[in-house]
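Reading through the structure tokens given below for one structure.
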Amino acid sequence: MTLPLWVLPVIPLVGFAINGLLGTRFGKSFVTAVGCGAAGLVTLAAYSRLIPFARGDHATVVEPVVSWIAVANLSIDISFRLDPLSALMLSFVTFVAFLIHIYAIGYMHHETSDAGYARFFAYLNLFLFAMLTLVLAESFLLMFVGWEGVGLCSYLLVGYYFDREYAALAGRKAFVVNRIGDYGFLLGMFGIFATFGSLNYSEVFRKAAEQPAQFSPALAAICLCLFIGAMGKSAQVPLYVWLPDAMAGPTPVSALIHAATMVTAGVYMVTRCNVLFRLAPEVMLFVAVIGCFTALFAGTIAVAQNDLKKVLAYSTISQLGYMFLACGVGAFTVGMFHVLTHACFKACLFLGAGCVMHAMSDDLDIRHMGGLKAKMPITFWTFLAATLAISGIPPFAGFFSKDAILASSFEAPGLGKLLWFVGLFTAGLTAFYMYRIVSLTFFGQFRGTKEQAHHVHEAPATMTVPLVVLGLLSLVAGWLGLPAVFGEHANVIGPFLAPVIAPIAGHDAAHEALPHATEWLLMAVSVAVAASGLYLAYQWYAKQGGRAPARIAAAMPGAYALVADKFRIDELYGVLFVRPYAWAAHTLWKVVDVLIIDGLLNASAFLVELAGDFLRFLQTGNVRNYALTFFLGLIALLLFVVGAI
Amino acid sequence: MIGSIPLSDVLLVSGALFSIGIAGALLRRNAIQIFLSIELMMNAANLALIGYGAALGTREGQIVVFFVIAIAAAEAAVGLAIFVALFRHTETIDVNKINLLKW
Amino acid sequence: MTAGRLLFDLAAAGAIIFAGLMVVGRNPVRSVLSLVVAFFALAACFVMLLAPFIAALQVIVYAGAILVLFLFVLMLLNVGREQPEKTGRPIQTVLGSAAVLVFAGLLLGMFRGSGAHVPMAADPVEPSLLGDPAALARLLYSDYLLHFEAVSVLLLAALVGAFVLARREHAS
Amino acid sequence: MQRLLADHLLSVLVFLPAAGALLLLLLPRSAVGAARAFAIAVSLLELALSLPLWVRFDLAQQGFQFREKIAWIPQLGISYNVGLDGISLLLVLLTTILTPVSLLFSYSHVEKEVRGFSIAFLILETGMLGSLVALDLALFYVFWEVMLVPMYFIIGIWGGPRRIYASMKFFLFTMAGSLLMFLAILYLAIRHQAATGVWSFAFEDLYRLAFTGRTETLLFLAFALAFAIKVPVFPLHTWLPDAHTEAPTAGSIILAGVLLKLGVYGYLRFALPLFPDAAMHFAPWLGVLGVIGVIYGAAVAYAQHDMKRLVAYSSVSHLGLVVIGIGAFTTMSLTGSILQMINHGLSTGALFLLVGVLYERRHTRELDAYGGIAGIVPVTTTLFLIATLSSIGLPGLNGFVGEFLILLGTWTSPHRWWAAAAASGVILSAIYMLTLVQRVFWNPMTHEENKKLTDIRPTEFIAAAVLVVLMVWIGVRPNDVLDRIRPSVEHLQKVVAAKQQAATYTRNAAP
Amino acid sequence: MTPDLVKFTHADLAAIAPEMVLALTGCLILLVEAFAPRLRRWFATLALAGVAGSLYFLLEAPGGTTFGGRFDTSSLTVLMGLFLGAAAVLAILMAKPYLERTGEEKGEFYALLLWGHLGVSLMTRGLDLVIVFIGLETLSLAFYVLAGFFRSVAASSEAGLKYFLTGAFGSAFTLYGVALLFGASGGTKIEGFARPGFADSPAVIFGLLLLLVGFGFKMSIAPFHAWAPDVYQGMPTPAVAYLSVAPKGASLIVLYRVFSAAFEGGMPDRFRTGIIALAILSMTLGNVVALAQRDIKRLLAYSGIAQMGYVTISLAVFGKDALAAAIVFFFAYLASNAGAFAAVASLYRDETKPHPVALLAGAGRRAPFAAAVLALCLFSLAGIPATAGFIGKFFLFKAALEKGFYALALVGIANSLISIGYYLKVVYILYMREPVEADAPPSLAPADRLALALCAAAILGFGIFPSTLWEVARRAAATLPFAGP
């Protein structure tokens, strides 16, 4: 019998519930068992569905569970969907998550309080639940549930060290910026419902694909809104600012949420909606441009960072840019392919960084490191493999996916060539800054303090095993998507995902492939660029100990400082949005509420009181005045009434 | 007409007396004088009653006056008693000086 | 211009004049006395208006009893003549006199106008019999019996009240 | 007894608390514990009695159920006339739930004049339930005002430092509105008498009246003002922050949980059906004010240093959303609004409760007096976090469903941009609520005295847990609630539409 | 003219019996005082018995007019008799402990109270302006004395003086009005006014205005109100409790009697406008100035002025329902106002000193019952639903709106909003302020407790079950002839 899909999210949810409620009481080993158990179990369960699916005809499966919200013409079911796209996500989300759970055992070992430990694993499970809901959802609303759920977990886990102000701030920032994206997502959903009268994928996409002419006008706006959501979640310019700060969380979190899985949700969503996006070409272009620019922009910043995780964070942003570039030029499958490979090597990189951090007793400044190669070989080799992967050196995973992206942007009409060139340059940049950190971390002399020096040691097995696995994956994962030049069926993933890219009536999906010669050429170029990047970095940092870059930095201090300060975007936002908002809030309160509204009320009340205080003195106590008032009153009446007759 | 006296004259006299009474009540400060003025006002009313009664050819006017006189007497008794009682406290019956209770 | 008319006018004039004196006089004793005179004059008017019995009452009760009582109290409290206003709050005087003038204007104007027209009673009493004490008495004990009883209570109340207020505290 | 509960369930519900209050009067004032226990017992019994409403409520039936009608002032056709529909059903249950919750919380926190407190609370419950079930406008008005007095005392006697100002402001504000409504009600009855020759204050009868435009506008405004003040709609909201801040925790819970809802309820139950044309004519204004409320409330909340004040302004923001839903007047938005009332009652109630938990220990509500206490009071923190998430509309909790329905419903109405603007509340609410959480529970621990904080007490925990459970329940199975709202909403819309046609007809017929 | 001297039938006797009982009880008390002073403990009981007896005879009295159509016994007079009787009972109840506390327990107090009560009841029953005037004077004389009853207290004597001078001044105008009406109608019977075109002559309007002013003075309608605050402050509280309620009701009835007869063609517009002006002035002035009062008795005086403004609305509307509403309002006002004064009487330690509101601080805890009733009374005066006060306003405003007096109703509403300001101020001092006086207020005497309980019961009773009262009031109102419906 096959396991119903709803079980998948429920397993980690149960894990979360158990750890959340009882974890503190029963201690670390119990928590570990439950947490990792849940992750492992869900991985098994997932593959128990995936393998038959992959073997079979990849037919989409939709499993409704129960009606969730039903009002008027809105009826949202809790129902799950298994199709190639969700299958792909499912496959690596569960597996990577499991690995990282294992890793976390070792990493969180030094967490002193049982409560904290339990909290950590509970949150991880909760995240898994949300992520699976996001991936398996059959309707936009249910996806949004997962969407917000992962956001919540990222918030909770970034702020895991709640007593450190920067962590707390980072968590809040992450959530708020994501909320800005969600705002777009919400409007997108409203638009979709208003246009298609439903929020279920099958129905929406069917209608869109059947009568594109009827719907395409509305779709530009809708897709734009959806993409804003994606920008928030997947840290694209201008909403990327939360991701670097999010590194305040424990490293496994950075690896799982902020590298491998959650941040790619945006790409997943865009791919999921490819039917809609393809009907809004201008938005597609926008996506491509934003992605491309983000790739370059983040890459540039990464060059000048000295915090190991920060560099990785910016590289993540940059890689996400690549993925959107792919989607933007219409190569959704390629984008997803990069999601997959990136998940492997970026997770590997982060975990490696985690080990380093572990060894350096939480110091992340690469300027204090150096020569760790000898002391922690496993870490080094895996890290190196992942670096080569991300730099796009064949035959490592990154090469194939990135090359595919470049190729498809190259063949894209319009801005294609420009995008390709920028992408290419960024590839070189990536190779450079990645190998820069490798050199500074693992080669040369150790530059840290004494006690750091003799504290440095290889991480325990719980941490290294996942490293090795991921290292291997970052070597082989790319082979799923060998380019066409390696033969008709070399590319597994493309055809596998093809059904997701539904044909649209009146739009011819089929575009002619590049001539092999061009393709070879492109590969060669990109490899060359990547290699030169590596070489440069090796020369400057491994060999010459960073004199050249120092000279360059000295040559143009302003520019260097700017880059080192991440172009001061945070400060810019502070001036543009944060402080004005705070000011406006305070002014509204003090002026509108207190001064104007209450002022008016209190003033009128005061006037009445004043009148009373004044009038009471008419009561002079002199009885003659009383008689007079009496008499005057009488006269007034007489004049008014009799005088009239 | 009452005999040879037109009613309007009687009423004018009564009105005049009434007004004078009011004037006294308003302008005097000695409680007793105020009260005297009020007595005058009542007498003005009496005059009007008698005049009307005569003009109407009924005795009711006189009867009313009869009662009014009785009432006036009673009022006088009480009023003067009050003045005396108050005088024990204030040593004056100048109402300008009597304003413990005010505002 | 009959004698009766003349007498009435004289008496009325006297009443008004002495009433005026009563009001303007600062010395309370003098104003009591002028009021006595005014009441005598009024009594005369009553006679002219065919109400001799009331006139008698007026002299005996009012001029006699009540005002004498006033005199007694005045003596008892021996309040001197009223001092001229020191407080200098003329508003009472000004407003008061103005108001009185307006009022007098309205009232007298009303009387000069249609105010004096009165309906004749169904069975008008023969003028000469109007003031007949016997008839008055009969009326008093028949139609006005209730009033009579009521006034008795009123007088009683006044009596007791005056007693309550004015008696010396023997208890304390 | 059986028959009593069968035929007069509503009356029993309405007057049981009052009876309890009378019995409490017999207790000596010194019998503190007894008073506490008794009040809680009564409110629990009340809750138990109210559950059958949920069960016996007939989903198929659109009109009012559990009807009772007894002549009260027959000469004027005023009758004790009560009934229940989906809308009032939920609010009644909310009331019967929140009252024991508040009393339970106060169990360990009200020492002063416990008997008086309990009496006030029970009378308050009678007032609330009465105005929720009354179908006779005179009766409604009576209950509506009766609520005021105990709340005035609760704020004024057991409140914070500025309680006098707050209680006075609360009373005068509410009175100002309801007095005009009082005149309007009288006028309605007089018109009915003039039209039919029969006196009646019954909603069904007055509903049949049709007015010329100007009259209807004036009457509508008289009603709307009363309710708008209660809701409160910007700019009539300034009583609320003061009242909430100064009221004792239990008072704030009820105030936010039920009293504010009565404004919306009154609008839905009376103002809309009685004056549909005017209501529709003013709907855009309502919506705009709602939008302003959402954004304004959220912004001002962000500027607060006082926890309760912050939560109070968040209420302004949330109810602005509810108002928008009503202004949009689509089935979905109306349903959402009603659900959102319940949600707000639960989440804000819980927030006030938990703020109260901290306040009772630390005797300050200043954000800066806290910080980093998550480790000291983990349970409180967790509960507070859940309440926060519910209030900022996290999917899976109750808040989201209501918000989503309102916004989506509004989007499908002609006033699309309201939804667009109001949806920004999603961002703003996250900003101020998370700031609150961060500054109170997270960040480094700066105040030594906070180390001595004790975590939530059992009584407090039960009170809060009940609310949290309900939040999750509604979030996961909103249909249980929606099923009960839907018929009433559809009925409401039908009624309004019907009257609009009828009215326009008669008006055209009239010369 | 019939030869037989005294016309006094059994009917007359039956009709006048209630008043006789009162008069005789008064005398009896005085006799006991004079010859058996040890029995003074029983004065209050005697007085109560007297009132009860008079009520009994009132209910027994056969309907219809007596004394040659000069004296009325109808559902109206009976209802008003009950109203006045209730006021008297409350006054007597609170007088006993009050006088004991002040050591002034004299029979005269009760006697004068009863005789004053007699006068008021004559006012409500007299069909002849002279009877009414005599009743008015009896009341006034009795209460002039009661105002100055504490001869040892300067304030009391001053109150006596002020009440006397203004009162005498006012009744002089009333008398002149009577004279004018006598002239115009050829008699003193009110029914004599019911003549077509009667109200057209200026003399009549003049006379009616004088009556309005004279009785308005007794009702303390602004601007004829000025005496009230001072007198209330200086007067013994129980007497105030009676004076602030009963004569006002009676005066309104008198005005209604006179107007309903004189304006059989309907009330002239300008006359009505004048009354409306009085109503508005009275409401506004009373409420606004009350906000500024520091002494509870003065505050209640001004609140009374404002309340009479509401009643004047009824006079302006002028009709059966308006009168019925006014009667209901008066019953409510009786319970609330007398209750308030009863509470005040029992809450203040030293009667002879002023009664600053501030001294009530903390009473909520020290004298819970009295404080609670006071609060209830104030809420009732403020017109909060479920109290009698609300019912009174309810019918009043209904009557006003029914006849289309929208602006007037709006002013009334605005005023009740203002009034809440000071009523709540007192409540807040009662319950939310810490005590300022070291020693708690005197322990509550049984009589006070009874009075308070009666008031509270009445407030809630009328407030929750008003229909009977309304029915009775309407039947009573129907006995007056009104132009139109």
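Every chain is named by a letter (A, B, C, D and E) in the order it is written, and numbering of its residues begins at 1.
Throughout what follows, contacts are C-beta pairs under 8 Å (C-beta built on N, C-alpha and C of every residue); 3 or more make two chains touch, one makes a residue touch a chain.
Here the structure is a predicted model, which means the values were calculated and not measured.
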Could you tell me the least number of steps, going only between chains that touch, from subunit A to subunit B? 1
If you tally C-beta contacts per chain pair, the winner is B-C
So which chain is farthest from subunit A, going by the mean of the CA atoms in each chain? C
Using CA atom means as chain centres, which chain is nearest the centre of all the protein shown? D
Distance-wise, how many Å sit between the C-alpha centres of subunit B and subunit D, to the nearest whole number? 65
How big is the gap, in whole Å, between where the Cα atoms of subunit A centre and where those of subunit E centre? 79
Any idea how many Å lie between the Cα centroids of subunit B and subunit C? 5
Taking each chain's centre as its mean C-alpha position, how far apart are subunit A and subunit D in Å? 38
Shared-interface residues of subunit E (touching two or more other chains) are 130, 134, 137, 141, 144-145, 148, 151, 160-162, 165, 169, 173, 180, 183, 186, 202, 206, 229-230, 421
Within subunit D, the set of residues that touch 2 or more other chains is 172
Overlap residues in subunit C, where contacts from two or more other chains coincide: 92, 96, 99-100, 103, 106-107, 110-111, 115-116, 118-121, 135, 144, 147, 151, 154, 157-158, 161-165
For this entry, which pairs of chains touch? A-B, A-C, A-D, A-E, B-C, B-E, C-E, D-E
Touching subunit A in the complex: which residues of subunit C? 92, 95-96, 99-100, 102-103, 106, 110
Interface residues, subunit E side, partner subunit B - complex: 130, 133-134, 137, 141, 144-145, 148, 151, 154-155, 157-162, 164-165, 168-169, 172-173, 175-176, 178-180, 182-183, 186-188, 229-230, 233-234
Contacting residues of subunit C [partner subunit E, same complex]: 106-107, 110-111, 113-121, 135, 138, 141-147, 149-151, 153-154, 156-158, 160-165, 169
Contact set on subunit B toward subunit A in their complex: 22, 25-26, 29, 34, 95-96, 98-103
Interface with subunit D, subunit A side, in the complex: residues 24, 67-72, 74, 113, 115, 141, 144-145, 148-149, 152, 155, 159, 162-165, 168-169, 171-172, 175-176, 179-180, 182-183, 186-187, 189-190, 193-194, 581-582, 584-586, 588-589, 592-593, 597-598, 601, 605
